[in-house]
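Below: one structure, written as C-alpha cells.
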C-alpha cells in the first residue's frame, strides 16, 4: 500500500456508518447512471465518501474546495478508484484551482456536492450552460447555505439544493465536535502554547463557536465570547463565559478564533489594541474574518514560521495562523475534522445524493431541509455501530403526547 | 415587613429586567382596562410579575398551578397589592384547587397566563361561556405547548396563544439553567446524599435534560441519558454521557431524574431491577413520569420522611422524592427556579401579555411563536443590567451576509 | 419510628463503610472499657458513628461543636442508644454550650474526638485535672490541626493526637467533595439565586476551596480565586480561574465563599467596594472570616430573613448567610456534608479511636499522621462497597519501582 | 534567521520567567566558572534554558535524553551560542547516543541536569572517575526521582541531587498541564480521531494521569481510570471517572494512555481482549508501559503509518503510537510540553543549578527537595508576568494562624 492508500485505510476504520451504507449501495446500485460533481477538501475521509458513491454506481468527478487542503497522495490513490476522476492538487494557483473546477463541470454532473458553494456559484455564473443537466445539489457549510438562501431570496437559484449543513445530524456533530476538536488540536500543535489559564476569545456563539468554547474551557482556558445576537450572547454569559465586544476582547485575549461565517471580525480597529504574543486564527469557512490585508499593509515587520505569520504592530507581536484560512485544515499539521465526525457528515452526503438523484427532478428550485428520515437513519446507524440501544415510544406514550385532555 | 413581603423584597433584588419593564409600565399603563387571569406557582418571583402587571394597569386574578407550590405568606402579601386578587392556598384539596381556578375565571379574564394549560383547558371544556371574552393566552411549559398544539391540530383551540415556553429566551435559560440548578439543589438538600461519583440518570435530553446532565456532570456525577430520539441520543453520547435504555439504566442508576414531559418513563418494568438506595425524582411538569401507583400497590413496605417516600421492592429500598411531582418546587425545602431565571421568563410573560392585549384581537386561533422583538428586548434588557456590551453588525457585514457573489 | 430515628435510618443507608466496621466491632468489641468523649455536630450522620463506637464496646459522651448545628430529634434518639450519653441542644446559649462540654469531660474520657479542638483546648486550660486519664485524641478539622500544631510547637500539647483532617482519605473527600457540594446546595437553597454566569469568589485554594471552585464552575459560574500562597494562586490560574486580591474581587463578585481557616478575609476594607446584591458566606470552621462586627457597626440598615442578614453599605445591599458560620451546616435548610462523605470521615474516626485506645499509651505527646493502614483500609472498604476492583502491583512491577539499574 | 533560530525566537516569546532570570544572570554571573552537563530533550524550549545558563556564565555541554526527541535545526543553532556545546542528533543509534553522553561527561561537569537520570546513572557506573568533580545534580522526571531514591536508600548515591520533579511548582504544572495538553494534542493530530464520546482509559491517577483525565473529560470523553493505590482510585471515582482493572478496561477502551512510570501496564494479558480500532499510547517516561515486544511477537500482521503501528490481534486492529515512547514528544508532529509550562520547569532548573553550584558542596549525598524560596520565586515571577496580584498575610492573620487560644 502507498501512503494515500494507507491513509484511506486508516480513515475507513473509523467510518462505520459509511461502511454500512456502502454495503447497501454495492447491492442496490442506487446511483447507477449518475454523474456526481464534487468540490470538497480532498483528503482521506473525503476519499471514503467518494469510493462509497462510486460503489453505489456513480461516476464521480472531484476537485478541492481550498488550494491548501488537498493531500496529494490521497488524491492520487483516489484517482485510481474505478469510476473516480480526481483533479485536485495541493498548492495549485488560482488559475489551476478554477481549471480543475471546470474539469469537474465539464463532466456535466447531475448532482453537485459543495463545501462553500463553489460549484453552484460557477454553474450559475460562468457555466450557465450546465443548468439544464443538474438535478440538484448538496451544500456542506454554514456559509454556503447562507449564500444559497440569499440567492434563493433573489430568485437567482435555479435548482433544488439540500442544506446538509443545517440538519441536526450535521451541525450537532460536525460543527460542534468536528470544528471544536480539530481547531483546538491544530492550534495547540502549531503553536506549542498552553491553553490552560489563557484568555481564549471565540468570535461567534453559533454551533462552531459553542463547541470550541466548551472544549477550550474543558482544557482550562478562560473563554471570552463576542456576539452580535443578544440571545446567544446571554446564553454564553449563563454558560459561564465572559461576553464583551471585540474591541474590549482585543486588549485581553491571548488566543483568538473566529467562527462567525461573516467578514471583518478582527480588523485594523482591533490589532493595535492587542497584547504582545496574541495568536489569531479562523475556524470559519472563508479567510475574510481576520483582516490580513490590513496587517500586511500596516505591520512594522513580518516574520514567517511554519503556518505562522508574526506581525509587529505597535511594538507588539501578533501571530496569525494559516494566513487566516480554516485553522483546522490549513496549517501544515492540521488534519481537518476527526474521522468519526466526517463519517456522519458524509453519510448524510451519500444519502442526500441518493435522495437528490431520485427525487430532485420533482422539486422546485430552492433550499431544502434534509428529510428527517435521512437524519434519523444516520443517527440509528451510528448508534448501532456503537452498540447503543435507546428506548422507543410506547403506544401509551404516543397517545399521551398528542392528547390534551388528561388532567393535572 | 411580614415574611411574604420580605420574600418579595428578596426576589425583586435579583429581577432587574422586570424592574425596568415596571418603570415603563407605570408610565405608559399599557394594560389599563385588562383583566389578566393567571394560574402559576404562587411564590415570591411570581408575585413580582403580578405586581408588575398591576403596575401596568391590569386587574390580576391569580391562583396556583400546583397544590403544593403555593407559599401562603406570599399569597397573602400579594393579595394586599392594589389590583390583585389571589386565591391560592398551599395544600388545598382537589376541589378547593378547582374552586380557586373558577374564581379566577369568574373575573372574565381578557388574557390568560398558564403554567400547564390549566386555565385554557378549563375554558375550553367546563367554562366555554368565557370563550367570547378571552383575547388570548400565554403558556409557560413544554407540556402545555405540546398539548395546545394537539388541540390546535384538532381545531379545538379557540383563541390565539403565545408559546412562551418555546421561545429561545425562555428555554435556553428557564429550562436549561432554571430546571438544572433548582432540581439539583432540591435533590441535594432533600436527600443529603453526594452527587460526585454517582450514576445519575437523566431521562430525556431536551433542554431540561441537557441542563441537568451538564450540571450533575459538573459536580462529578457519571451521567446516563435515556432518550427516544436517535439524534438527541447521539448528541448525549458525544457530549460524554452514557446512553442506554431505561431498562439498562434501572440496574445501574443511583439517582434518577425524569424530564421528558411524557408519561410512564420509570415503571413496574424498572423498579424491580433497581439497586438498594436508588433515589427517584421528576423535573417534568406532571407527576406521571414515575409510576407511583405501581409502587403503592406492589411495594413490600413504605416509609415516609420529609419529602421522601421509601418503598421496599425486591428487598431493595427505592426512594421517591416529592411524590413524583416537580422536584425543584414540591419538596419542603425546594425553592423553584432561581430568581434571575424567572426574571427572564416573567419579563417575557409581561411583554407577551402586553402584546396579546394589544394585538390578540386581530390574530386567528392557534399557537404563536413569541415575536422576535420581544425576545430580543428581554435579552438586551438583561445584558444591560449586567453591564455587558456586544458587537453590532456593520453595514459591510450585513451586506456580506446577504450576498452570494463574493469569491472563495 | 420517630423523626430522629427516621433520620438515622436514612443516613445508615448511605454509610456502607461504617456498617462493615460495625459488624467487626460487634464481634471483636475493641473499645470495651473505653470512655470516648466527643464534640461534633450532632446530627444523623454523627449518630451513626456514635452507635458504631457504642457497638464496639465504648461508653460515649457527646455534645455539639456548634450551637446551631444540633438536630434535637437526632440528639434525643441518640440519647436512647445503650452506652450513649448526649448533651447537645440546638440554639443553646454560650453558657449551656460549655456546660454540656463539661458534662462530656466529667465522664473522664480516654479518647477525645474533636471538630475544632474544643475538648482538647478545654482539657489543656480549664480541665487540666483530666490530662492524666486521656490516652489520646482525634481532630477532624484543618483549623483544629493548625492550632494543635501550634500547641505542639510551643510544647503545650500534653497527649498524642491523630490529625484525622490531614490524611488523604479525609481531605480528598470531606474537604473537596463534602464542603464543595454542601456549601453550594446550601447557598442555592437559601438564596434561590442562580449560580450560572455569576462571578463566584472563592477565598482560599486549599482542598475546600478547590472543591468549591470546581463545582461552582461546573454549574456555570465564573470563578475568582483569592490566595496568599503564590503556588496555589498559579494553580488556580492554570485551572482556568481568575486570580486577584480580595480588594479587586470585592468590586466584581456576586457570591463570595471564604474557605481559608484564617481570620479577617472579608473586612471593612472590602464591604464598601461591593456591588448591590452581593451574597457572602463562609465555609471555613470559625465565623471570623467575614468581619460581621464591622457590618453590625457601620451598615446603614439591616434586614433579617431566614438565614440571611442584609446590610446596606454605601447604598448597596450586602447579604451575609448564616451569620458567617459554616454555610453548609448553619443555614436553616443546610444539611452539612453529604452522607457518603461522612461515612469515610467517620470510618476514619472509628478506626482512629480504636487505634488510639490500643496504642496511644505508648505514643509521646504530639500531632500524628493517621497510619497508612487505616487510610488504605477505609479506601478498600469503600471501593468494595461500590463493587469496584483495582489492579495490584505485580512482583515484576514492585521490583521495577525499586530498581535504578534498568537502562533507558 | 534559520529555522532553529526562528523556533528559539518563538519559544522565547512565551517564556517570561526565564527572561527575567536571564536579565539577572547577565548582570550577576552566578554561574561563572561552572561547567554544566545536561541530558535533556534538545528542542527550542530547552535551548532557551541553555542560553540562560550560558548568559549566567556557565559553560554548558548538552546532549539528548531520547534519540527521537532532538530537533536538529535547534541543536545546530544552539551549538552556535557562545559557551554552549551541543552533541545531540536526531535518530542517532544507541552507540552514538551514549558517545554523545560521554562527550558531555568528558567536560567534567560540576552540576548535572537530567531528564531520566541518564548522566547520574552513567557517572555512578561507567564514569566513576567523575564523582569527585560533580558538586550536585538536578533531576526532572518522576521516574528519575523514584530511581534516585532507590539508589539513595541503598547508599549508592554519591552526591546531592535536587528532586526538581517533586516540587509543587513542577508537578502542578509540568505534569498536570504539560503532559495533559501535549499528550492530548499529539494523539488528536496523529490519529485524527474524535475524543468526544470515546472511552478514554488513563492508567495511573498521579499528577500526569489526573491532568489527562480532566482534559479528556473536558473534550467530552468518558474517562476510565486504572490504579493500584486505593485512595487515588477512590479520588478518581468521586471525580466522576469509572475505576476498574486494566483487564476490565481493556475490553471497553477506545483510546489508552499510560502514565504510571511503572512497567508492564498493558500486556499480553490485555491485548487479546481489546476492541477493533483501539489506540494505545504512553505518556510515562520509558517505553516499557505497553508491552510492544509481545505485539511484535504475537500479532498476526503489522501495518506502519506515520507514528502509528497497527497490529492485528485476534482479528482486531490495535494501533500503538510512537512505538510506546512518550506520545507528546515522539510522534512526528508532537511538540512536547507547551512553552509556558517549560518556562516554569526550566526556571526551576536555572535557579536550582545556581543553588547547587553555590551550596552543593556543603550538602551530604542524597535526594533533596527544591528549597521553598526557589519554588515561591518562580511562582511570583510568573504571576508578575501575568499581571496578577495576590493577597499577603497580615500580621493579624499570621498571629491567628499560630495561636491556639482563640475561642470558638
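We just call them A, B, C and D in the order they show up, numbering each chain from 1.
Just so it is clear, contacts are C-beta pairs under 8 Å (C-beta built on N, C-alpha and C of every residue); 3 or more make two chains touch, one makes a residue touch a chain.
Computed from a prediction, not measured in an experiment: that's the story for all the values here.
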Chain located farthest away, centre of subunit B as origin (C-alpha): D
Same or different residue numbers at the subunit A/subunit B copy interface, by half rule: same
Chain pair with the higher count of C-beta pairs in contact (A-D, B-D): A-D
Mean-CA-position distance for subunit D and subunit A (Å): 37
Chain centre separation (subunit B, subunit D; CA means) in Å: 52
Per-residue multi-chain contacts in subunit C, two or more chains: 177, 194, 196-197, 217, 220, 237-238
Partner subunit C, residues of subunit B touching it in the complex: 1, 6-7, 9-11, 13-14, 44, 177, 180-182, 184-186, 188-189, 192-197, 215, 217-220, 276-277, 303, 305, 308, 317, 333-336, 338-341
Touching residues on subunit A, where the partner in the complex is subunit C: 194, 196-197, 217, 220-222, 237-242
Parts of subunit A lying in touch with subunit B, wherever the complex brings them together: 65-66, 116-118, 121, 125, 146-148, 150-151, 153-154, 156, 168-169, 172-173, 176-177, 226-228, 230-231, 233-235, 237-238, 243-246, 248, 262-264, 286, 288, 375-376, 379-380, 382-383, 386, 388-394, 396-397, 400-406, 408
